[in-house]
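What follows is a pair of complexes built around chain A, which joins chain B in one and chain C in the other.
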Partner chain A sequence: MRQKGKDYHLRLKQALAPYPYFIILLVLVGALMIYPLIDGIWLSFWQKNLLYPTRDKFVWFANYRKLLFEDEIFWLALKNSIIFTAASVFFEYLLGLGSALLLNSKYIRFKNFLRGIVLLPWVVPIAVNSINWTWMLLPEYGFVNQVLKVLGLGHLARGWLSDLNWVFPTVILVNVWRSFPFYTVTILAGLTLIPKELYEAGQIDGTTRWQAFRYITFPGIKGISTVIVILHLIWTFVNFDVIYLLTGGGPLHRTEVLPTYLYQQAFSYFNMGYAASIGVFIFIFLVVTVGLYFSRLSNFYGNE
Partner chain B sequence: MIKEWHVKLGVWVGVALLLLFVLFPFYWMFTTSIKPDQEILSNQPTLIPHSVTFKHYVTAWVYGKIGTYFKNSLIVASLTVILSFLAVVPAAFASSLYRTKGTKLLSVFVLFLQMFPGVLLLIPLYILMKRYQLIDTYTALVISYSTFTIPFCFLLTKSYFDNLPNELYEAARIDGCSDFRIFYKISLPLILPGIMVTSLFAFVLAWCDFMFAKTFTNTESARTLTVGLSTLKGTWTVEWGPLMAGASIATIPILIIFALANKYIIEGLTAGSVKG
Partner chain C sequence: MELKKICLVSLISLVILLVFGVVYAQETIELQVWDVFDPATSFDAVAREECFRQYEKENPGIKIQHNILVYADLHEKLVVAGAANSGPDVLHMLGEWVPEFALMGIIEDVTDRVNVWEEKQYFPDSTWAVANYESKCYGIPSIASPRVLLYREDYLKEAGFDGPPNTWDEFKTVAQKVTQTVEGVYGFGFCSSSNAVRGPQEFLPFLWQTGGEWVVKDENNKWIPGFTVEQAEEVFNFYNDLMNNLKVCPPGSIGWEYLELDNAFTVGQIAMCHNGSWMQHYQEKAGEAFQHWRGAPMPANKNRATYFEVKVEGIGKFSTHKDEAWKFLTWLMGKDQMAKHTRGDNLPSRTDVVSLPEFQEDEWKKPFFAVIPDGKPFPPIPMAESNKAMMDELQAVLYQQKAPAEAAESLLARLEDILEFINE
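Our next item is the complex of A and B:
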């Protein structure tokens, strides 16, 4: 569609035509995401405590020095965050894959309905889930311990969210319970896209169930698996709600993760500058690890 | 050799266990909320309530202020949906209609924002809200919620616009229709069903938030249901009946939304992650 005499002004007008549509979006994103992000980085170079507003001062990298070299709880929280994220995503994927394969079976009817049911833990507020689990895991009247007693396993009953050795696996379990449905539903969507003919052809060639899974099913869901695993690595690493609502990071920092530690520094001690440096650390850590993961991945599979 | 019925049985048992695992906490929540106190705090838990009472719902709604929190959550989530769509729908339309370098870059940028963790915004947003005296207002919650609803809604809405046939735009332009007229006379009515589904989704996201609401509210005036529940959990340490009633109340809107649009929501969800 070439027009003769298309002058400069007209072209400029056409080139700028899309942008008025973006105004509200860009204003909101700029004011609520970009500006705060920069402000947060700037803040991390300040000693700023809301309780002592007169003592604000620019301290260069002092917050980071303290964070990396003097703060043991920070390192504990980082270690916990990594274990929490890795263990959660690993078990979520196993459970999600298993349940997706089950629901994809040709013997199962009412698939849409079942998908909706399974998704429930993921769409209900974490505040609700955490109350439910706190109630079920209660040492005295909790359902879990009462069932253990009925089964004659009373010696296993304990305060699941207060026992120093068990609290961490317990919060991981609750987190897995909450998040795996997302994997189920997305993997299921991937499974339904695999052409049935592949399995039929496999059957003619006499493949075993394992071979069919290994060479037909798994390659079919590899792409979507990568996406949801990366998404969940990020989401779990920055998740505040689950641990804060179940244990608040306790007992004795046993379940302290970086987001809860950041929150504690910011809103219990009002060390805004220091908390901001934790935020920046989380951001850099994510960018570096996810970036590394992506580059490794693209080397591994060749450039697509 | 594994027989057919072995597989069938295995699948059914597996699905039954899966449903038990997923649903039991909700079942237990609901049954606890309708049991009388002595049945809740007993050493013999009853799977099926022996006697039924709804007094915990009254306690939670009135004394627990769940009613106020419910109203707050409803208002905040609805306003979030409206604000998100005011921002997202025109932008998604433009990035679908004009496929220039600039709009492509903007779309990728917004998609990238979807991975952006809210916890990083917490402190600077808090300082911002404090500076403009927005703590304890609906405004604070609505605008902070839009940080996570906007990227998500943009992604979905854009895919709805992208699915409209190009010929539609061409025909409209030949008839002398301006681009903005195309937007609100042609495209928008066509993708309205999609917008409805996306708005339900955004509503659920806003309804479920805890972190922003916890940080930006101190009093009951704007406190949402999720924060209200967690504060009640702190103060009513043994009142499990009303707590479970409150938790049930917080679950009901989600159940209604899923009963209405289960299939579409799941399609939207999976489309979002498959494309993302």
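Our next item is the complex of A and C:
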């Protein structure tokens, strides 16, 4: 009986042993993630403007009502955010996949050097990157327009960041240029893990290049592709710095996305409660979107 | 044994260090100064930094910790620090920040200190007005800089004009003639970025010149718009003429911020712009052309008016060394010190510094001093939201998304909404 009790205590001790090591993690996640999240949600129910501290009041869902039913700029920013995210992730993936396949090809030489070159846009700090682009895209003296003029394409030169029709595609292009190397490197790592024997077996069976890609390469990088696409959907949707530094959301809100709109409400107008409601909306939108994406994906993989 | 010795020596060293640290901390007061003056970029900032070191030498026990930021970051950092009940001991502010920071309660009310400061008399009332909000004073005016019409005399001469334009009509004629005559040069450039700091500082003088005000107080002491739709329409028409009808501004210049504007003037892309004394910064970059730079009063419409930018140095509400900060601030704003740190491209706020021969004889500064009587600061209300409305409507006109009359009506309506919240 006493032996049984000893065993039970030992098993309990062993079972609880790992948990103290989680305490630091829990404290950090709690302090840096959970507390701000709860505080943000709480703040979103308040009318709180830093300019008028005496007017703070609990307004229930008034901020959300204004956001969803009265604020036209919010809907414009949401639409822009969705387009910006979808277009960026789509083109980043295409470019990343293409460049990774190219760098993985046995016909390519100086692979390490080329990998280094491809990585350059990604390793340059975002602020430096964006400010460089703003200068390169200047209408009169910008590098891009100068090159177009030298090539005899002067009629295409324009104010890339001030032309209402071109500003949004330009911002997407800059973001794609900056982010695709991350896909290249990650997909390349996935490609190197695909066993060569599969391709050799395929060759014996007479597969075409497309079939090899469809049935060997793509399934081999499917898992890693899912992860980077999800990560980039989240990162791009909440991306602030690229657009803020390039256009600040202008001109005429043409590049306004939710993070720039949130920033404007919080740090230009000091409407902290309203800004918090935008933040909570972004959080819920991402949780729902990524959740749906995951469930669709698991159905897709399950059916395959 | 060896280990014991090492431990003992380490322990003693630690105790000594701690004791010295505590004694040093008790004897030295560190004043946190947050401003925008980077010694790497301007002569005046170097002089200011030298003043700090001089003060430290003359006041052992005081250490000036100088934090340099650009204006946008400084504003944001002050707001965030203030929201967390912290911040600097001494801070530099744009005049338009004073109402915001006073409302937020992050700057110290120094009314009583100013009232007994014997050097108060050397600062003009117009500069004190900017440092005040709701009859309370929140700092000392440091730089008082009106805007002028900065123009290239050589370009105007080439286009057949002996002097700068005096009225809006003359201004349009000169801008058009320069654009047509001088190769590769446009008559005028201005700021219109939707987040522009400078855009509203250029827009409001045009509105003032029509006889309008941005806001005024009504009989119930409530803020109301100070202009009519017609006055705003006149300003939008003026901008629209310059950009779209006469085409005297560089194509693609809609959305310019101050960097683009200042650079365009420096490299000679534009012949005229609305600008301040800091342009002297660019003397080296402009090269020979700098000798053709001239300043003149802004062209008049019904009135003559220009923007009067007053910068203010205040004390942080959460400073734990307010007396020391005030002593330092009044020393820094003293005659001798101000004469040093505004000798370059800044303009001093003190009348006894302005009247010094080296300032009076400074050819660059003369046109700026001359337009001080025309100068007006921003009204004492939080301006961020109404500035955004102003620039949004201006952009809508420039991009021809709205007619000037429609934009004027929309601007008035948006301002009314903003003021309703301010008046609550």
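The rule we apply is simple: the second predicted complex is superposed on the first by the 274 of 304 C-alpha atoms of A that agree within 3 Å, B and C clash if a C-alpha of one lies under 4 Å from a C-alpha of the other, contacts with A are read in each partner's own complex, and residues count from 1 in each chain.
As a working rule, a residue touches a chain if its C-beta (ideal position, glycine included) is under 8 Å from a C-beta of that chain, and two chains touch if they have at least 3 such contacts.
All of these numbers come straight from a predicted model, not from anything done at the bench.
Chemist: Please determine, from the superposition on chain A, whether chain B and chain C clash or fit.
Modeler: On the superposed model, which is not a single observed complex, chain B and chain C clash.
Chemist: After the superposition on A, what does A:163 contact: first (chain B), second (chain C), both or neither?
Modeler: Touch partner of A:163: chain C, not chain B.
Chemist: Is A:139 in contact with chain B, with chain C, with both, or with neither (first, second, both, neither)?
Modeler: A:139: touches chain C, not chain B.
Chemist: Quick one: is A:177 in contact with chain B, with chain C, with both, or with neither? Answer first, second, both or neither.
Modeler: First partner only, chain B.
Chemist: Going by the touch definition up top, name the partner, chain B or chain C, that contacts more of chain A.
Modeler: Per-residue touch count on chain A favours B.
Chemist: Which holds for A:56: it touches chain B only (first), chain C only (second), both, or neither?
Modeler: The answer is neither, since A:56 touches no partner chain.
Chemist: Touch test for A:108: chain B only (first), chain C only (second), both, or neither?
Modeler: After superposition on chain A, A:108 lies in contact with chain B alone.
Chemist: Clash-wise, after the superposition, say which stretch of chain B runs into chain C: 127-135, 181-189 or 199-207.
Modeler: Among 127-135, 181-189 or 199-207, only one stretch of chain B overlaps chain C, namely 127-135.
Chemist: Across the two complexes, what residues of chain A are contacted by chain B and by chain C?
Modeler: In the superposed arrangement, which is not itself an observed complex, chain A uses residues 141, 267 for both chain B and chain C.
Chemist: Over in the complex, which chain C residues touch chain A? Could you list them?
Modeler: 76, 79, 82-83, 100, 103-105, 193-195, 250-255, 260, 264, 267, 269, 382, 384-385, 388, 392, 395-396, 399, 401, 424
Chemist: Using the touch definition up top, name the residues of chain A that touch chain B in the complex.
Modeler: Residues 15, 17-22, 24-25, 28-29, 32-33, 35-37, 39-40, 43, 98-99, 102-103, 105, 107-108, 112-121, 123-136, 141, 143, 146-147, 177, 181-182, 185-186, 188-190, 224, 227-228, 231, 234, 237-238, 240-241, 244-245, 259, 262-263, 266-267, 272, 275-276, 279-280, 282-283, 286.
Chemist: Can you list the chain A residues touching chain C in their complex?
Modeler: Residue list for chain A touching chain C: 50-53, 55, 138-141, 158-159, 161-164, 247-253, 264, 267-270.
Chemist: Looking at the complex, which residues from chain B come into contact with chain A?
Modeler: 7-8, 11-12, 14-15, 18-19, 21-23, 25-26, 28-29, 32, 40-43, 45, 83, 86-88, 90-91, 93-95, 97-98, 100, 102-103, 106, 110, 113, 115-128, 143-144, 146-147, 150, 154, 179, 183, 204, 207-208, 210-211, 215, 225-227, 229-230, 233, 240, 243-244, 246-247, 250-251, 254, 258, 262-263, 266, 269-270, 273-274, 276
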